[in-house]
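Okay, so chain A shows up in both of these, paired with chain B first and chain C after.
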Partner chain A sequence: MTTAALIHVLVSGLATGSIYGLVGLSLVIVYNATRTVNFAQGEMFVVSTFVAWSAARAGWPLPLAFLAAVVAAAVLALVIERAIIRRSIAATHWDVLIITLGLSLILRALAGIVWSHDDFPFPSYFGNRPIAIGPARVVPVSLGIIGASVVLMALLGALFRFTRAGRAMRAVAQNQTAAWLMGISVPRVFSAAWILASVVGAVAGLLIAPVVFLSTKMGLLVINGFIAAVLGGFGSMPGVVVGGMLLGVIENLAPLYLPTGIRYSVPFILLIAILVVRPGGLAGRVHRRKV
Partner chain B sequence: MLEVEAIDVAYGKRRALEGVSLSVGEGEVVTLLGANGAGKSTTLRAISGLVRPGRGRILCDGRDLTRAPADAIVALGIAHVPEGRELFPDFTVEENLLVGAHRRWQREAVREGLERAHRLFPILRERRRQRAATLSGGEQQMLAIARALMARPRMLLLDEPSLGLAPRLVTEIFRVIDEIHATGVGILLVEQNARLALGAATRGYVLETGRVVAEGPSAVLREDPRIRQAYLGLAGTPP
Partner chain C sequence: MKSLYAIGAAILALALAGPASAEQGVTDTEIVVGCSNSFSGPLAFTGDQLTKFGLDLYFKVVNDAGGIHGRKVRTVYYDDGYKPQEAMANTKKLVEQDRVFAILASQGTSPVVATLDYLESNRVPLLFPYQGSPVTRGKKHVFSGMMLYDRQSHTMIDYLVGQRKLRSFAALYQDDEYGKAFLTSFEKDLARHKLKLLASEPVKRGVSDVSAQIAKLQAAKPEVTFLVLTPGPGAQALKERQKIGWNETLMVSSGPLTDERYLALAGGAAEGVEGLSLWPDPLSSDLPGVKQYREHMAKYFPKNEPNRYSLAGYFDAMLFAEAVKRAGKNLTRDGLATALEGIKGWESGILPPVTIGKDHETQRQGFWVRVDKGRLKPLTDWLRSE
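Showing the complex of A and B:
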């Protein structure tokens, strides 16, 4: 393979990988706070991305349409968390998992009713003129996705590390009882985690929509985000980002060496491989359960 | 300052407390004695809002906090150092202290709190960049107490602070309890070491299977034949 082709594959792999990383992060943010996996995350960003699309079609300038999507994502998360998830506080994590799975189906159906299940082109905003990186020419959208994701990830890192709210979230993740005793309102942290995760998901949706066409099927990205999170050791934030990037690159690299049809199995092969070889993920610690 | 009025607490069908009443005055040190499972920890958990009494009331300066969420109770000035310390294992020592000051907004106050914690437990300054999980048992207990003090409470609920510690460290912890008391903070002390507890406290309560069976000034409790036998390991009658 030529260097140019390799650079090309790497860049597009990192771009999709960034999206997986962001979706994985949104899953991990909710998981760390509440110990449940929100499988409706994918459909939640489908809805918010459609909101941006509708706003743009109604003639709103693109930045304003994006803002509308982010606000819609936050509101949707708040409503779901307050109205449904918080009421099932006594349920087991498995029950909540099924609830979020059900929610994803409901949201997808609702999105289908409002916007139909067709594919829509989403306005692209990164320009079309290829940019030269060494011998390769890369489409700007890939670099834009990588750049925007890295910025958002850095912001999240700073939020969790340096702010009072971020510290409260990390405290709740480690020990809920102790968090209460420090004067942290645990339910408020749950809401905050849902809102933050939903906003991160919304950004992922807005970044990927111009590349893949906007449709209700876009919610399936949550599966790759989930795999990115498992690769990273479900809970570690840097781990998810690395897991996502790795998944994106391998997914783009594999068809070059293996039969092309392998592409859509790559995430699952990786998932099984990591669970067999290193069940705690790349960055995680293993908590073995006796059987 | 703190008034517990005839509270019942049940875990499912099991009744843990029945009609427990006690009070702690402003700046007073009071101890709660009793065997394992008598309901001492449950009493503290009810006061700090971790469990809800089925009946009875808990008042702080006359304000009813029986149904208040735990975070609001901290804001009222009651801090709880729970059994088993309950530190944040992945946080550094300093992060544990900072999260203890969650309800305090002024940067200056937080910095003063840190300095006070370091004065009280100099070892915590040395270890400030270390993860809490890597501390020894004694250091963890010190951190748990220092973390609770970061909220600048008027009342401290201490659950078995000497549990599992070497005698030298137990002495150290009790020295600090005296120091905290000297700054005017009230203390409700649950302690298995009845001799030390009665030494530190002016009054005490004795719990048995969820009920208060004895109460009074420490000096009186110390002479009570039943308490001498059950909790002090001495012959029934004082010499």
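Showing the complex of A and C:
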């Protein structure tokens, strides 16, 4: 294996890892605010990415098509949160989890009916031809994914740290009742979290679709996003990003040195390993239970 | 209660009193055929085209001309989404409820293989399944459709080693029945030439990049890399090769992969890729059968672009109609089998003259193509494999 090949595989891993990170982030945003995991996240960005595809096909310029996807993602999240999730507010987290699982199946089937289950080529801003940097050759599309993800992650960080809405979300995450008493509208924070998460997911979808092709299968990425989130200690945002990138890189490197079949179990091996060594995840704190 | 029994008995009597000599699925005015196929899942496009725009296209032509021996052909389809267990349930339903005469052009190696024993033991003809696993060989009631994978491998390797003088080979294959059937055949055919597969890397279904597999294959430095994949991963492999600028290998796609969809997905990354094509170019070929197919498509489904899947279905329906015609007015399953076995040098105008012997293979040849400006350009005439 040449160094150039190794670097390429590494960078590819970082790129898919960034996507896992973004998907993980969207799960964590909803989880922090509402304490439920939204397993429909994958299918939600499948739908929004298909919206961009349809818009681009109808002759819209690419930036507008992408904007359409983001808007569609926000609207979809708002509708799902208001019409379904909020009504089951009295249900346990388990019930909501099952509801989101059901939603993922419904959305997948609907997307299949509207757009079919085929693979479609998806337009990208970034090229596929390698550029030489020293001895290494790097592909613009990988760099683009990593760059766009990092920028979005930084924006999210700033949003949570410096804006009122962000602080409100963090307050709700820490203590819902106290947040209520401080005059924060918890239902609005719930909606905002769903919308924000869906928008982050939509960006992940738009970034990865040119690489793995657009199809309803893309929703499966939510599993790796979930693992990234657990690796990062479900709740810590930087942790999720690191977890995602780590997962992407190891997933790509492992098959280079081990039988290729291992690739598909890497996420789970990693998950178990981390949970055994650091039960709280990479960046999480361990809440010990006395037994 | 008594009256219920009476009704039951009456129904039973009626059922038994039907024309005892007639074959299941055949009446004086109708022949019912059908299949389980992919209308969702990874091969949904293929399934749709094969059946609703392929089989049905030719049957529309036949029916509008008055049918075969006065019988019109009616088709029934169910979706299995490329899942073997669904294919099995659908096939049972077709045989036991819809009472079809034959199963025609079901798709996908795993789903088709799942229904083999059931159809064979119930003596239901399985005609021209759209898959090429050699497992279907030697079955009494099965007539294969797509050129069988071992035959494809044989043809590909003989051409590459013989005419092209290439010596080192690797393969990227789908980790299932389809991929493994090819892999086994590659190894066997290379051994005939005293060669070995340098490396082989599996790809699983789902969403992931193939950079690690391609990096490993590149390290083995093969002159030829076979792609035995479905269109999505196949196109991904081509894009990955473009990403690393790996130009020293010739990528060659298997028969089932060599199609326009895969090219469309790969975009410019497909230039120069070669493969075994099992069908003439549906858009540009001027073979009489393909021309006629395009005319019929324009007449009945003007919005549907010609492609090799609907062409395959169209051909299957043509071959079926030919055999039904030869089997005569008193159509039975045995009569159909005898008629098919008797087909010798039959001109479809699409494939080279078709001869079906006791081995029940309907398609035995392919030709070599190279991607040139986004189209598959033929490099050879039909290649023989014996």
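The rule is short, and it goes like this: the second predicted complex is superposed on the first by the 284 of 291 C-alpha atoms of A that agree within 3 Å, B and C clash if a C-alpha of one lies under 4 Å from a C-alpha of the other, contacts with A are read in each partner's own complex, and residues count from 1 in each chain.
One rule holds for everything that comes next: a contact is a pair of C-beta atoms (placed from the backbone, for glycine too) under 8 Å apart; a residue touches a chain by one contact, two chains touch by 3 or more.
Here the structure is a predicted model, which is why all the values come from computation and not from measurement.
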| item | value |
| --- | --- |
| Most chain A residues touched (candidates chain B, chain C) | C |
| Contacts of A:Met182 with chain B and chain C, given as first, second, both or neither | first |
| Touching partner for A:Ala171 - first (chain B), second (chain C), both, neither | first |
| First, second, both or neither for A:Arg278, with chain B first and chain C second | neither |
| Touched partner set for A:Arg86, first chain B, second chain C, both or neither | neither |
| Residues of chain A that lie at the interface with chain B and also at the interface with chain C | none |
| Touch list for chain A against partner chain C, complex | 1-2, 4-6, 8-9, 12-13, 16, 112, 116-121, 128-130, 137, 139, 141-142, 211-213, 215, 217-218, 220-221, 251-256, 260-261, 263-264 |
| Residue numbers on chain B that touch chain A, as the complex places them | 48-50, 69-71, 74-75, 79-80, 82, 86-91, 95, 98-100, 102-103, 147-148, 151 |
| Contacting residues of chain A [partner chain B, same complex] | 164, 167-168, 170-171, 174-175, 177-186 |
| Complex contact set, residues of chain C against chain A | 40-42, 44-45, 81, 175, 201-202, 204, 206-209, 211-213, 215-216, 218-219, 231-232, 235-236, 239, 242-245, 261, 264-265, 267, 269 |
